[in-house]
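Paired with subunit B in one complex and with subunit C in the other, subunit A is shared by the two complexes that follow.
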Partner chain A sequence: MAEIKVDCIGETCPVPLVEARKALRKAKQGDIVEVTGNHPSSKKEIPMAVRAMGLEVLEIKEEKGTWTIRIRR
Partner chain B sequence: MAGKAAIIVHSGDMDKVYSALILGNGALSMGMEASLFFTFWGLQRLKKGGLEKGQLSKMNMFGLGKWMIKRKMKQAKVASLEKLIQDFKELGGKILACDMTMDIMGVKREDLRNDLISDYCGVGTYMNEAKDATITLFI
Partner chain C sequence: MGCKMSGRRIYLDNAASTRLDERVLETMKPYFFDTYAVATSEFAYTQGIEAREALDEARGILSKALNADPEEFIFTSGSTESSNMALKGVAQALGKKKGKHIIVSKIEDFPVLHSAQSLERQGFKVTYLNVDGDGLINIDELRDSISDETILVSIQHANQEIGTIQDIDGISNICREKGTLFHTDATHTFRRVPLDTVKLPVDLITVSAHTIHGPKGIGGLYIRKGTPIAKWMDGGFQEFDMRAGIENIPGAVGFARAARLVTYLENTRMQAMRDRMIDRILNEIPATTLNGHRQKRLPQNVNISFHYIEGESITLHLDMHGIAVSTGSACFSRSLQGSHVIYGIGGDHERAHGSIRMSLSRYNTMREADTVVKTIAEIVRELRKISPLGEESHG
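And then the complex of A and B:
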């Protein structure tokens, strides 16, 4: 099981969502994808997309406007 | 996959091509399928070197408005159209080029970005894409 980190700090719509999807496509089943960013809407929309694809959101945390979302492929 | 977006890109205006590509990428990111059918003025954006050439749909002011918006977009770190179209392809999006527009406007295949185009086709192919789409848009 690999852990893939995606840094989207400073990126705006739709880049964090697209980069999250790109990483999930490349990941193998069981891999963890961790996306970090500070675009506010993406914090809501990435988990929305993850659930729409039937995948699992493991954790969402935020500190001083920077959020991290952990997803299991 | 859950759902599908079939979008007609009729306008070649920069802001509308942005809308089409952002929506297409959004659909793919949500785990949907997506296809973009470039026709009429939209097709001009698939010419080699043509992607960023569209003017602003309003307040273009002979290019001044576009320049100002482009500057604001750069400050806001908005992705380029080239990045958006490459991402769209990487996520499995389909780009369809209208062959009737090519005939009318004298556009040849070698004038177009063959690296991006999945198919050269007509209304039948678009309708075939759209008939089972959950989202259809005309931009």
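And then the complex of A and C:
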């Protein structure tokens, strides 16, 4: 089981979602994809999209405007 | 992973490319494995003669679909090549003899638009006609724009993004009166909207197989007998010495079969789905605008702007739900460029970037249409909640 980190700091909507999708497409079942960014809308829309895909959002955390979303493929 | 993890996907980007019909593939197969020779004259071997006969039969079927003669139909690699051939071929044939003026509309698809721009760089003068809020050109503006120097008018039959069908009858007759050649890009109307070369004085028509469940890489150009057009790609003497290159026989027979498989009933079914989707979206989702003419419209085209949100976001979220659509907010190389068509009909940045095109096909169902509307409504509601412009929305 691998852990894939995606750095989207400085990127605006919809790039973080595109990068998250790209990582999830490459990930194997059970892998963890961790997306980090600081665009506020992306923090809301990535979990929304991930749930629509039937995947599990493990954790969402934020510190000083930088958020991290952990997703299990 | 198709993004949605399971379940059937719904494909609504048929203006870009359609699923190949199995019956088309079956028709093509013998020309890959048995009759794979080049088309030859009757003095050569049997395989080549059979290939020639298949090519001629395909040409006959496709030219008949336009009520034209077989020798007026040239096979090409697709609509891009056909439109390049039409514009550049006529420019080369008449540029020095008659004049250097060409007229196109502002909302043409790229093969016509970029060919016109390329000719402009070579010293031709190009008039880009305005369109109204529905995407229709002004006939009087066209008439006033044609001069003695005008060698070609190229106005699409229907628009690739918003589906508006132009008044080809009026346009072609003005061109004929003024003695100017007329080309129309019928990529999206071929076999969907009638186009008869006996009834209408159209001189050149671009068509393609990829929009009617045929193979990619094959298209055609109708060239009315006597139309001055130069051969613009050097090579062999194929296609009446108009278009060099080994003939794509499997593609040609596949294109002909695809054309025959399109029925009036199928087009009527798509139109019913189109109307239901448009009516439901406009009635059920606030702050939406239909792009294109409500009635003079391709039976397979739905195009709507969802205000306060980006088309890319809607497209991405629909993909996560297993639904494929396209947006006028094309994220080319990550530099956001709004649709030139939506700008052309007077739309602003927000309308261009919030536009979604849904193009139907033989394989879509009314149930799918309803699923798509329901899913879009949910996504738009959620996206508006998180949109920076969300407070302005009514959703």
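Keep this in mind: the second predicted complex is superposed on the first by the 73 of 73 C-alpha atoms of A that agree within 3 Å, B and C clash if a C-alpha of one lies under 4 Å from a C-alpha of the other, contacts with A are read in each partner's own complex, and residues count from 1 in each chain.
Note that in this section a residue touches a chain if its C-beta (ideal position, glycine included) is under 8 Å from a C-beta of that chain, and two chains touch if they have at least 3 such contacts.
The model shown is predicted, which means the values in this text are computed figures rather than measured ones.
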Applying the document's definition of touch, where does A:12 land relative to subunit B and subunit C: first, second, both, or neither? first
| request: State whether A:4 touches subunit B only (first), subunit C only (second), both chains, or neither. | output: neither
Checklist entry - Looking at the overlay, does A:52 come into contact with subunit B only (first), subunit C only (second), both, or neither? => result both
For A:60, select first, second, both or neither according to whether it touches subunit B, subunit C, the two together, or no partner.
-> neither
Is A:25 contacted by the first partner subunit B, the second partner subunit C, both or neither?
both
Overlap of the subunit B and subunit C interfaces on subunit A comprises residues 13-15, 17-18, 21, 25, 48-49, 52-53
Interface with subunit C, subunit A side, in the complex: residues 13-15, 17-18, 21, 24-25, 41, 44-45, 48-50, 52-55
So, in the complex, the side of subunit A touching subunit B is made of residues 10-15, 17-18, 20-22, 25, 48-49, 52-53
Residue set of subunit C touching subunit A in the complex reads 1, 3-6, 310, 312-313, 316-317, 319-321, 331, 334, 382-383, 385-388
In the complex, subunit B touches subunit A at residues 2, 22, 25-26, 28-31, 76-79, 83-84, 87, 90-91
